[in-house]
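Two complexes come next, and they have one chain in common, chain A, joined by chain B in the first and chain C in the second.
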Partner chain A sequence: MSWDTALPLLIVVSSLIPGLIIFFLAEKQVAARITLNMLGVLVKLALAGVMLWGVFHGHHYEVRLPLLPGLDLVLRADRLSMLFVTLSTGLWFVTTVYAIGYLEDSPHRSRFFGFFSLCVTATVGLALAGNLLTFLLFYELLTLVTYPLIVHRGTEAARLAGRNYLIYTVGGGALLLLATVWLYTLTGTLEFTARGFLSGLDAVHHPALVVIFVLLIAGLGVKAALIPFHGWLPQAMVAPAPVSALLHAVAVVKAGAFGIVRVIYDVYGVEFAASLGVTLPLAILASVTIIYGSLRALFQDDLKRRLAFSTISQVSYIVLGVAVAGPMATIGGLVHLVHQGVQKITLFFCAGNLAETLGIHKISEMNGVGRRMPWTMAAFTVGAFGMIGAPPLAGFISKWYLGLGALDADQSWVLIILVGSSLLNAAYLLPILYTAWFKAPPASWPAERFFGRYETAWALLAPPVVTALLTLVLGLLAFAPFSPLEWARLITSREFTP
Partner chain B sequence: MGKINYEPRIHAVNDILSAFLLISVPGLPLLLAFPALHRRLPWPGLIALLPATILLFISADIFIELPWMLLGGGLGIDSVSRWWLAMAVVTWAAVAAFLHVPGGRGACNRLATLFLLTMAGQMGAILATDMVSFFTFMTLMGYAFIGLLVADGDERVRRAGRVYLVLLIFADIALLEALLVAAASTNDLGFAVAAGAMTLSPFSVLYLSMAIAGFALKTGVWPLHVWLPLAYGSARPPVALLLWGVPVATGLFGAVRWLPLGEITAPIPGMLLQAVGAVGILYATLFGLMRAQWIQLPAYVAIIATGMFAMGLGAGLRDPSVWNQYGDSAPVFVVLVGLGLAIMVVGLAWLEASGRIPSGFRKTAGAALWLERWVAAVVRWGCWLGISILPGLRALWLVKWGRLWKTSVWQRAFNAGEHFLQRWVFAITLFLLLGMTFVVLLLLDAMSFL
Partner chain C sequence: MIGDIVAIPWVVVLIVLPLMGGMACFLFPTISKSLGLMTALAIFTAVGGLSWQLVEEGAQRYAIGGWGASLGIDLYADGLSLLMLVMAALVGLGVSVYSSGYFSRDKANHFWPLWLFLWGALNALFLSADLFNLYVTLELLGLAAVALVALAGGRGALTSAMRYLLVSLLGSLFYLLGVVLLYHSFGSLDIAILAQRVEPSPAVWAAVGLMSVGLLLKTALFPMHFWLPAAHASAPAPVSALLSALVVKASFYILLRLWLEVFPQTNTAFSQLLGLLGAAAVLWGGLMALRQTRLKMLIAYSTVAQLGYLFLAFPLATSCAWTGMLYLLFSHALAKAAMFMAAGNILRYGGHDRIADLDQVAQRLPLTLAAFSLAGVSIMGLPPSGGFVAKWLLLEASMNSGQWWWAIVLILGGLLAAAYVFRVIGYAFTQAELPHEAGVVPARMEWTALVLAFVAILLGFISPAAFELMGIGAPFGVGCAG
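Showing the complex of A and B:
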């Protein structure tokens, strides 16, 4: 086995092995667990860096393992997969640091970190999937390993949220399986191919391809939280903050959105999908989700719940970008995959800090919290302005390309959606900032804890500050080499260059 | 021995110094905005102004490109921006001298941070040589200024801030639209090219409409002036000094930069601007100067001045030759109005402090805006006529929509919908999808027999 075939396997296994070992550690073996966690994280980061460099310079990393007659388990690194691999690996690093601090005194940490590692294994696996079958396997694995994380606290609300999550995602997986089998019977292949592998199919199969597309989008839309499949996400916010970060920014919803991108570009091909007339309804569905999620976020007093509805809205930007079917909008959608992740993880880390340090869960409890926790709220402010799309933050770059893409593709109605959504984003995020910075703080906080020199534990404070800085850097230096924007432009050039 | 040619080296050093100076003008206040830095300095506001002051004394026009910044941008100074920069430096220096900022490591220095962030935003906007950089710095300036306005203020000033915030969001959205339209028409968003390129664009009307709307919202041109009387009536005198010099003057500067003045003949937008300006002047004179309280007088003077400026811009859009002939006087006008308003604000503060005019803003915290009053009047009129299709509607809801949303049936309806979705719709959707699949399979089967 050469290095080029071993690397995709190694990058998946780098979190799998530590994860499996962690399951067998006793609760008291804190140092061993942290060491294994960080070792896995650092090895995976290093391997992802090597792979990114190699893919940029045209290296071909692929491994094929026979699975079924005529069907292999394929792990392959291409430009699109590297966008997701880098995002999930990078954010897993900060989330692991955060989770170590967050769960310092909690029970069942070995179980938690074991599944935590398996979760990123599944995410990287589906990012590197070279065909629909491999994607499906890791997609289902992701469902199974995130369930124990959602129900980790063991409360009635957590169990209910977990049950709902399982019903939704297993159902979605079933649709995906159905579509995959049907597609295989029609074409005899499931390999992801640049510009798709379906355009050569006889026109008699086109109605079936439309139905398969609907099934695929429904199956993937569950994790991407497209309406009406979004119900599980606001409920799942009962999970611990690192899990929320994982669900909203690193793994689950991103897996759904990433899958939709794969289906449109590497299964159907964007031009063929547009010719079937399936991209416009998808763009409309994404637009409805964007507005609906924002409207629902407006109503919520629970901070994490508001952020959850915000995710429903924001993730659909990615779907909208690819469904508009033009190079600029695609860049906007793809770059938002990363930018939304970085911004949303910042907001969830901050929400976790408020809950852990002061016992604050509701926005109405946040009066003057900026004075008590200035670093946390400064990070939150950066993340919130990024979400609104204020320059020079990362969110501005996404919205810029989405807007330009809409004009470029002669779909000006998308601009109205972007304007409406930006207004709503401001309407549900700015009041939080106003409350935190300009209202007078109460005499005492709901459940205040002190952590010495800093406003909270350093392991809780550093991750949001780092991701907030990243939000700024990704916007300000958007054209830097290896930036998500440059990478998205590389991906798009493959799809749209004649 | 041959004579050494030092000229290239001098040019290189000159370029480096120019770049350093231009970046420091917004960069130093931005850096000092970090509490850890400005808490250790005696006069951070004045120190932050040093690069801008030095730049004013360099008579040459200098520019640098910053291709690494955001979508690619630049900073520079020319004869137009020099006027605005001079006014900004004087205004900020005056305010830095008078605004009390708590000192020491333990002090709460929100005010200093917001002060320096606003300054950085304005300095950057004045020096920006392209639309995106201008928009970026102006966004920073706008939101930081709201913080500066409402920090440590009472309910009246917070209300002014909230109203301005809503207008600012709409302004930014309009300007972003204008930016996108410009970017779809030309690859170069530099002021030297973009405005001219928009004259040839099929989107020129949309661009003009969005840019005019955006800057009208930013500057408080009638009828979008509602925040100005509120802000002048409630802000502390040092912050009131900034109201013209920062948000309004920078907005007017933006209008000069963004609109293709002297290059395009746009009679309808021009006429509209002139009409709005004229009505604004009339309104501020009749309803403002006659009825306003002493403390609000500068606001109405500002509305008259922005009305006059809007009329000038309108004349420039109607006839490019007018702008080419008189456009150079625009910065002088803004600076003179700024000077006059500063004297007025300081004078009123002194008169108020010495008890020669009534102290403070008399209206209560919930003083209704004209929009609220008009809607309330329409509702009352409707009720009087017996039209009660909107029972219980209160005009204040228009502004306090957040409360409306929180308490209305909409929230309950959405919640019920969510609940229903969670329980049933997934199953129904699954069933429908499977049904669809089955029907299509039957159809395909039937087609194969044909």
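Showing the complex of A and C:
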């Protein structure tokens, strides 16, 4: 086995093995657990870095293991997969640090960190999946390993949220399975191919392909929280804050969005999908989701719920970008995969800090909290402005390209959606900032804890500050080599005829 | 050296070993545990020997005493028999290890001889090449199984054992009548000879009808499943594992053999009926499993549902469909055995198996819970697992043949399975105090369940090699392996 075949396997295994070992650690073996965790994280980061460099220089990493008659388990690094691998590995790093701080002294940490590692294993696996079967395998695995994290708290509410999550995701998985099998019987291959592998199919099958497309999007839309499959996401907010970060930024929601990108790009091919007439309805569905999510976010007083509805809205930008089916819009959608992740994880980290340090869960309790926790709220502010799309932050870049792309593809109605949603974003995020910075703080906080030198524990403070800085850097240095934007351009150049 | 291994008549060894072991356990009850474990290990090794032999030399026919077909007893081993034997060996070894921790001394004295006899009957059944021999082994198997159900003692266990006995005898009787009819018409009971002689006639149809009813009753195909949940749920845990994993598969095996070799001109109406009943079993079993309040009953109804899947292959009848179905049968055996063992551990620890009160137990037996969950993954047919591979092949076969409605059944069955499996797992994260002192669960009971469940998952990764072995002698046509 050469290095080129070993690397994709290693990068998946680098979190699998520590995860499996962690399950067998006793609760009090804190040092061993942290060491294993960080070891896995660092190894994975290093491998991802090597791989990114290699892919940039045209290196081909691929491994195949026979899984079914005529079908292999394929892990392959292409440009699109590296976008997601880098994102989830990087964010997993900060989330792990955060989780170690957040869960200090709480029960069942071995179980938690075990599944936490499996979660990123599944995510990296599906990012590297070289065919739809492999993707399906890791997609289902992701469902299974996130469930224990969602019910981690062990309360009745958590159990119900977990049940709801399963009803949606297992149902979605079933649709995906059906669609995958059907596709396979039509084509005899499931290999992801640039510009798709379906355009050669006889026109007789085109109606079937439309139905399969609907099934695929429904199956993936569940995780991407597209309307009407979004119901599980706000409920899953009962989970601890690191899990919310994982759901919203690192793994689950992103897996759905990434899957939709894969289906449109490497199964159907953008141009073929557009000729089937399926991209416009998808763009409309995404737009409806964008507006609906923002509208619902306006009326939530619970901070995490407001952020959850915001995610529903923001993730659909990615779908919108690829569904508009022009090169510029696609760049915008892809780059938003990264930008939304970095910004949203910042917001969730901050929400977690408020809850952990001061016992604040509601926006109405946030009066003047900026004075008590300036660093946290500063990070939150950066993330929020990024979400709104204020220059020079990362979110601005996404929206700029989405808008340009819409004009490019002669679909100017998308601009209205973009402007409307940005206004709504401002409407539900700015009042939070106003409350936090300009209102007078109350005499006492709901449940205050003190952590010595800083406003909160350093492991809780560092992650949001880092990701907030990243939001700024991604915006300022959007045109630097290896920036997500440049990478998205690389990916897109492959898909469209110049 | 290799030549020597291949030259040993492993088919005979596989039948003689468990019978001798059982006899030894009966004669020396004080050391029955060690004897039983040693026998299990020996059988496991012998199955390895047989696989080697089959790989080297292809399908084997062995005439006991050299009499040959139509007079003497012939044994026959091909990929299909091998699959069943490996399944029995894996589950059997697991059950043996589990039982060595489960039974008290006096129960163990009864358990080991009975179990090894059952194993012997099972191996003989999978290796028989003629219909009468199949009948004898089926009857032996049934009697040993009934005795094992009764082992739990108590009123409930005895009632269900009695009912089980009646069903078992009735089933064998129907089968025997069919055998007699065939013998009367064609003058032979050897499967290979019958395969050449049988031609459609009223007598054949009558025989097919009788034998099928008998075998379906014993396989507990919906709506003839009524006896199964009570019998499987009231037995001691290792026995439940045996019954659900192995015993019901034996009568199914006979049905399949006849279908594939003696009556290959399949009547489409009959195969559609089998598929329909299978579909009903999948849905009914799943729904009933959801409604149970006791864990063992839930698992037993899950068996009803899973057996239903096996019959979906009959209307599809392609090489891939058979392969997928048999892989399901195989992975179900491992997963279901693991599930019953897990239930046994929970029952032993908490003193009850009420699903709503599982939160008292589940968190304190993490290995058991892991075993149940991993087994559940295969039962639900989620990847990566043997159950997934099987389901994929069946789905593919039904889409390819244009009979997409079976695909819908497969998907719905999977969703129902997810619902009932997670109904159990959902209670593993909430915490409650156990109101009384906990029972002791030996480590080997937890680990056996976990290892079996893990093998069911592992099957998701080794299917190409497994299909190669199953295809030896082409028992169900070629075209799907590798």
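To be clear about the criterion, the second predicted complex is superposed on the first by the 496 of 498 C-alpha atoms of A that agree within 3 Å, B and C clash if a C-alpha of one lies under 4 Å from a C-alpha of the other, contacts with A are read in each partner's own complex, and residues count from 1 in each chain.
Everything below uses one rule, namely that a contact is a pair of C-beta atoms (placed from the backbone, for glycine too) under 8 Å apart; a residue touches a chain by one contact, two chains touch by 3 or more.
Please read all numbers here as calculations on a predicted model, not as lab measurements.
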Clash or fit (per the criteria above) of chain B with chain C on chain A: fit
Angular separation of chain B and chain C about chain A, which is computed from CA centres of the superposed model and rounded to the nearest 10 °: 160
Which of chain B and chain C A:157 touches, first, second, both or neither: neither
Touched partner set for A:148, first chain B, second chain C, both or neither: second
Contacts of A:184 with chain B and chain C, given as first, second, both or neither: second
Which superposed partner A:170 touches (first chain B, second chain C, both, neither): second
Touched partner set for A:407, first chain B, second chain C, both or neither: first
First (chain B), second (chain C), both or neither touched by A:136: second
Touching partner for A:280 - first (chain B), second (chain C), both, neither: neither
Partner chain(s) touched by A:296 [first = chain B, second = chain C, both, neither]: first
Partner chain(s) touched by A:228 [first = chain B, second = chain C, both, neither]: first
Greater residue coverage of chain A in the superposed arrangement, chain B or chain C: B
Three-chain overlay, closest Cα atoms of chain B and chain C, distance in Å: 8
Set of chain A residues, in rising order, touched by both chain B and chain C: 171, 174, 178, 182
Of chain C, residues touching chain A in the complex: 320, 366, 370, 377, 380, 382-384, 389, 392-393, 395-396, 399-400, 407, 411, 414-415, 418, 422, 425-427, 429-431, 460-461, 463-464, 467, 480-482
Chain B to chain A touching residues, read off their complex: 35, 67-72, 108, 110, 132, 135-136, 139, 143, 147, 150-151, 158, 161-162, 165, 169-170, 172-173, 176-177, 180-181, 183-184, 402, 405-406, 410-411, 414-415, 418, 421-422, 425-426, 429-430, 433, 436-437, 440-441, 443-444, 447
Of chain A, residues touching chain B in the complex: 164, 167-168, 171, 174-175, 178, 182, 204-205, 207-208, 210-211, 214-215, 218, 227-232, 234-235, 295-296, 298-299, 370-371, 374, 385, 389-392, 396-397, 399-400, 403-404, 407-408, 415, 419, 422-423, 426-427, 430-431, 434, 437-438, 475-480
Footprint of chain C on chain A - complex, ascending: 23, 65-69, 111, 136-137, 140-141, 143-144, 147-148, 151-152, 154-156, 158-159, 162-163, 166, 170-171, 173-174, 177-178, 181-182, 184-185
